[in-house]
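Quick heads-up: structures coming right below.
Okay, so subunit A shows up in both of these, paired with subunit B first and subunit C after.
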Partner chain A sequence: MAQELTATEKPNENPILWVTRPMATAARQFAKSLFRPSTIVYPYERLEDPKFRGRLKVASGKPFGVGQVWDNYRGVHALNIATCISCNLCAFSCPDLCIDMVTVPGGDPKHPKKCPQIDYGKCSYCGFCSDACPEGCLTMTTRYELSTTKRSEMIYSPQKLLEVFQHKLPMNPIRLARPANEDAILLEPLLCIGCNACARDCPTQCITMLDIPKPEAKPGEKLPKRIWKEPVVNDSDCVRCGTCISVCPKECLFWGTRR
Partner chain B sequence: MSGATLFSVSFDIGSAILRGIASVFPMPESGWITNPDVILGLSAVIFAAILLAASMLNTILLIWWERKLLGRIMDRRGAMHVGYAGLLQNFADGLKLFRKNTVQPREADSLGFYSGPVTYMVTSLIIFGILPISSGWNGGALPLTLLLALAIFSFAPLFIFVSAWSSNNKYSLMGGMRSAAQMIAYEVPILLAVVAVVIVSGSFDLTTIVYEQQNYWFWGPLFVALIVFVAGMLAEMERIPFDLPEAEAELVEGWNTEYGGMLFAFFMLADYLRALIGSILVVLLFLGGWTLPTWVPSGLTTFPLAGIFWFMVKTYAVFGLFVWIRASLPRVRTDQLLRVGWNRMIPLSLLAVFLAAVLVTVKCLPVFGCVPSAGGM
Partner chain C sequence: MSEMWINMGPQHPMTHGLWNLRVKLDGEIVVDVDPEIGYLHRGIEKISEDRHYNEVITLMDRCCYVAGFSWEHLYILAAEEALHLAPPERAEYLRVLCDEFQRIGSHLMWYAAFVQDIGLMSPFLYGMRDRDLVLDLYQSYTGARMTYEYMRVGGVRNDLPPGFSAEARQVLDWLSRRFDEYDQLTLGSDIFRKRCDNLGILKANDCVAHGVTGPMLRSAGVKRDLRKDRPYSAYDRVEFDVAVADGADVTARYLVRLEEMRQAVRILRQVLDWLDKNPGPVMAEELPRWLGAPYAPIGREGYLLKRNFPKGVGFSAVEEPHGEAVAYVVNEGGEHPYRVKFRSPVFSNISAARKYLIGYHVADIPPIMGSVDICIGEVDR
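For the complex of A and B:
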């Protein structure tokens, strides 16, 4: 017995229905969208506006896109200049090389304070910088409107990022993931000349130069020319930024595991 | 527009201009300024300028109306940014098109390539010029206005074919041939449906046809003719169920593939102008033109420019029907189109003519009771 055909599949149906049925559908759609089309007039209204709250719902429970943006949406960064320690970790971690450390006013004239400046023309919003930030001062907000007519306006200076911070937008949760304890700054004492460069440039001042006893010179032996001090790193304060390694003139500091 | 006609208005404007010239530059009484030919020529120019402005304005508003209506049917909003609710969007688009460069394909025939859009546009403008819009707005005022309008309307395949052929592009040529085949196939049923109207009203003059509809509009008694006329007009205007000549899935853009900038704007405007003319013809022949039924309160028909207002309301409503059809139905195949045209539409239109003849013979219009027809064979 042949399977019963539904109304739309019947080959010999009334041809007038071919015209009238789609027209009825279009009329229904028209009447429905006359009051509230599915599109929103974007620059003038946004899905975050309260009037859209609860219009769209997803089955998983939390309404997405309507009324709110997820907290961990990765948009424009917010920078708290006051807590930035100029550790350079954000610029190190950036895969797009879009972060430059630029001088901001308010630092020591000898060692100026440097804060990240982000080129959003290059940024891929991966969020590595805010993950790497040891102080939680560089975070990503939910702001997503960046379009400009000039490329130069895509480069956000630290002051502009500070303005974003002052808007108090919803931000990514700050992780403050300190590195594991076995990553530590180790010293090769035979190479160190006690020059104080590491302690001077350490952003967290966790390096102190301790006096070491000057050895007795044996006859015929020449003591090395150096200051008889050695850096000691306080591991609990160290953010493992590696500034000391990069500034060391004798390459006597290196990454290692403290035993 | 009771009393004042379009020509009297332009005559007044022209004489006011001449009086202004005479007051600024004093000249003798018997100079050229009092010559009746000057004032008549000037008012004719103003008359044409008013018609041109009205046709272009309505065409552009028609595009806006289509975009908004189609948007709502598709659950969108249509143009929104430029002007109030996007009213000025099409002016901006037109301005952009008119500023653009015109590219002529290599080995294209210059004469046909450039004269095609211009003639297409000009013939469409002529039809708009002779159609009556209200009792005062009557550019043609000829006893055979309807015949003249339809004759000029059927020029279009020639110009489309010429411009398509001279573009030196195979898609254009295919589109042009399809356009010619389709327009000729649907010309016959349209004319037969018009014959039904002419039989009932007894005149080829559109003004007379409108005044014959004072008591009953023709869409009821001549419903079959209306169906045939609307379907044929859809094919003549190349709108969506019958837009084979510019089927963008198969032929890039049909017969205007090679046209860009200002020439494309000419084609686009002329297309919508012809859509406007088609809607106007439906209103004139079947929906009572600028008249309203006698039972509506007189306040609705006596305000200034009431005739033009109601005419435009009806015209835009009819065009809304075309947009509704466009939003609903898919494009048909060429063979289906021609089969429907020759095998269905012509018998239907013959039936419409027969029904009209019967109505006139028994002098009885069944829908509105037994109202004697004013015309007759």
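For the complex of A and C:
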């Protein structure tokens, strides 16, 4: 299209038509809106009502499907405490730093179970936490009404998130697939002291400490003071949370590709 | 006669967004203007240096709140070039789908605000009503209406839900009927024509001198569109025309934007056809681990230095609904970008205010500034 746009409608000499022509269009829309109003009368009508779902023309006069709350709407989180493995991935992936890991009853006293507590005053509903959750226990639901009069009520404890989960709201069905070339946890054997910290804190118990042979001390050489065990990571169970890397006292675990 | 300065803004119905237009008046005639910005500065470029490559996307949606997808696309293109990644073809088409729906949504928002500036109330309601359809479509596949967080480095987050294509086509049919109605409401009324013709003229040489781009440049008769001149994503595989008008005034900008919406409908029909026929992956297969789904701690910093991260710089330019936006991303290795820089088209467009405001009446300022299509979120960043 090389030709340039110009206004096609000719200016009209009759001043009455200046007003009446647009008004005719507006009146047509007004007549339509009497029978099919464009507004959904919230809170008396609600978008998640079944009547806005699966009908060819909803009451709003909009095309099918448009105007409802879809299942993958990103609203309040739901947390299934039973399947949470305290891997900390949600807190790490949060760009707003609104997730704290707090202790919930149920873990053994030495290694308490920690579940996310979300501050909705900071949350931006980006959904990165539910994308990162390896067990699918932290998902986002279609619930969107959060107004309170107290700021402290914006902080949702794990128990409160569990209540959202128990309401069985439609949950975000989209789970991201893990990348095929995921890195694995590798070990630098010379630095390891066999302290068992990684195997103890691994949320999925995928690290086992295996015995390694104690080498013979050559004359004039001193053997390192260590426990003669080494961690072995089961890659298929590993959720890549990095807890072992952060607890390792000797920094001998790192990310890498397994040959 | 004495001259005086008047502050139009920061809280004034004319200022869409938070900014201040200082106007020097001689009676009713504007003799000098001075746009003041900076009320909405959030330091997005600096915050980006502290975020993962994917987490910057959350900031991009807040950069321009009516055209979030265009800014996501802009950043993603630069970040992918810096990280040496290529998205699959289906993801490119999905991004074009997002962009063009965003163009319709942004122009409808502009239409609603612009006609309200010149005193029409009913078209404002029609524009906002029809924009809602686009937002509902976004919600069906991204999960949000304004802050999408849908595009990822290396592709997009998820595929379209089943049945999306049929609904999108219904919405397109509905919208393409509405555009003629808008013309009847505005161009059909001579009051509109008498108000907007020969108003706020900015000729092509002034546009080029001030870096004015987008519909303002095309309304001055310059056929310049990055989608044609520097094709990105799948724009070289779809057919469309560049809307050009010759008036260089407020009416010409109106005509260009309405024609762009019609062309966007044309592009979207082709994109939906392609997406129906070609299923496939929407994420690149070869991704660094920290760009995949879980964002686990990367470990000590020494690990980053040990491994050979590919370094690089990325540059991208995108035809945003407001004009030409440019991004520059420097990757010095590691999980955060070293530097992110954006060029906002609206910044240049309102910087040229002296050229298209001086000499007109003070009552002409709202329609002229309304026709510029201002989004302060991206000007201040």
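Here, the second predicted complex is superposed on the first by the 188 of 259 C-alpha atoms of A that agree within 3 Å, B and C clash if a C-alpha of one lies under 4 Å from a C-alpha of the other, contacts with A are read in each partner's own complex, and residues count from 1 in each chain.
Quick note on the criterion: a residue touches a chain if its C-beta (ideal position, glycine included) is under 8 Å from a C-beta of that chain, and two chains touch if they have at least 3 such contacts.
Quick caveat: nothing in here was measured; it's all calculated off a predicted structure.
Of the two partner chains placed by the overlay, subunit B and subunit C both lie in contact with A:Ala26. Judged by the touch definition given at the top, the superposed model places A:Gly107 against neither subunit B nor subunit C. Legend: residue contacts after superposition of the two complexes on their common chain; A:Ser93 is shown touching subunit C, with no touch to subunit B. By the touch criterion defined above, A:Met140 reaches subunit C but does not reach subunit B.
In the superposition on chain A, A:Leu34 makes contact with subunit B only, not with subunit C.
Once chain A of one complex is fitted onto chain A of the other, the partner contacts of A:Pro215 are absent, as it touches neither subunit B nor subunit C.
In the superposed pair of complexes, A:Gly127 makes contact with subunit C only, with no contact to subunit B. Applying the stated touch rule to the two superposed structures, the overlap between the subunit B and subunit C interfaces on subunit A comprises residues 19, 22, 25-26, 29, 38. Subunit A makes touch with subunit C in their complex at residues 1-2, 4-9, 11-12, 17-19, 21-22, 25-26, 29, 38, 62-70, 72-74, 89, 92-93, 95, 124-128, 131-132, 134, 140, 172, 174, 176-183, 239-242, 245-246, 251, 253-256.
Within the complex formed with subunit A, the residues of subunit B that make contact are 69, 71-77, 80, 324-325, 327-329.
Listing the residues of subunit A that touch subunit B in their complex gives 19, 22-23, 25-27, 29-30, 32-34, 37-39, 41. Of all the residues in subunit C, the ones that touch subunit A in their complex are 51-52, 54-55, 58, 122, 126, 129, 132-133, 136-137, 139-141, 143-144, 147, 149, 157-158, 161, 163, 166-167, 170-171, 174, 181, 183-191, 193-194, 221, 223, 241-247, 251-252, 255-256, 259, 283, 285-287, 289, 291-300, 302-303, 306-307.
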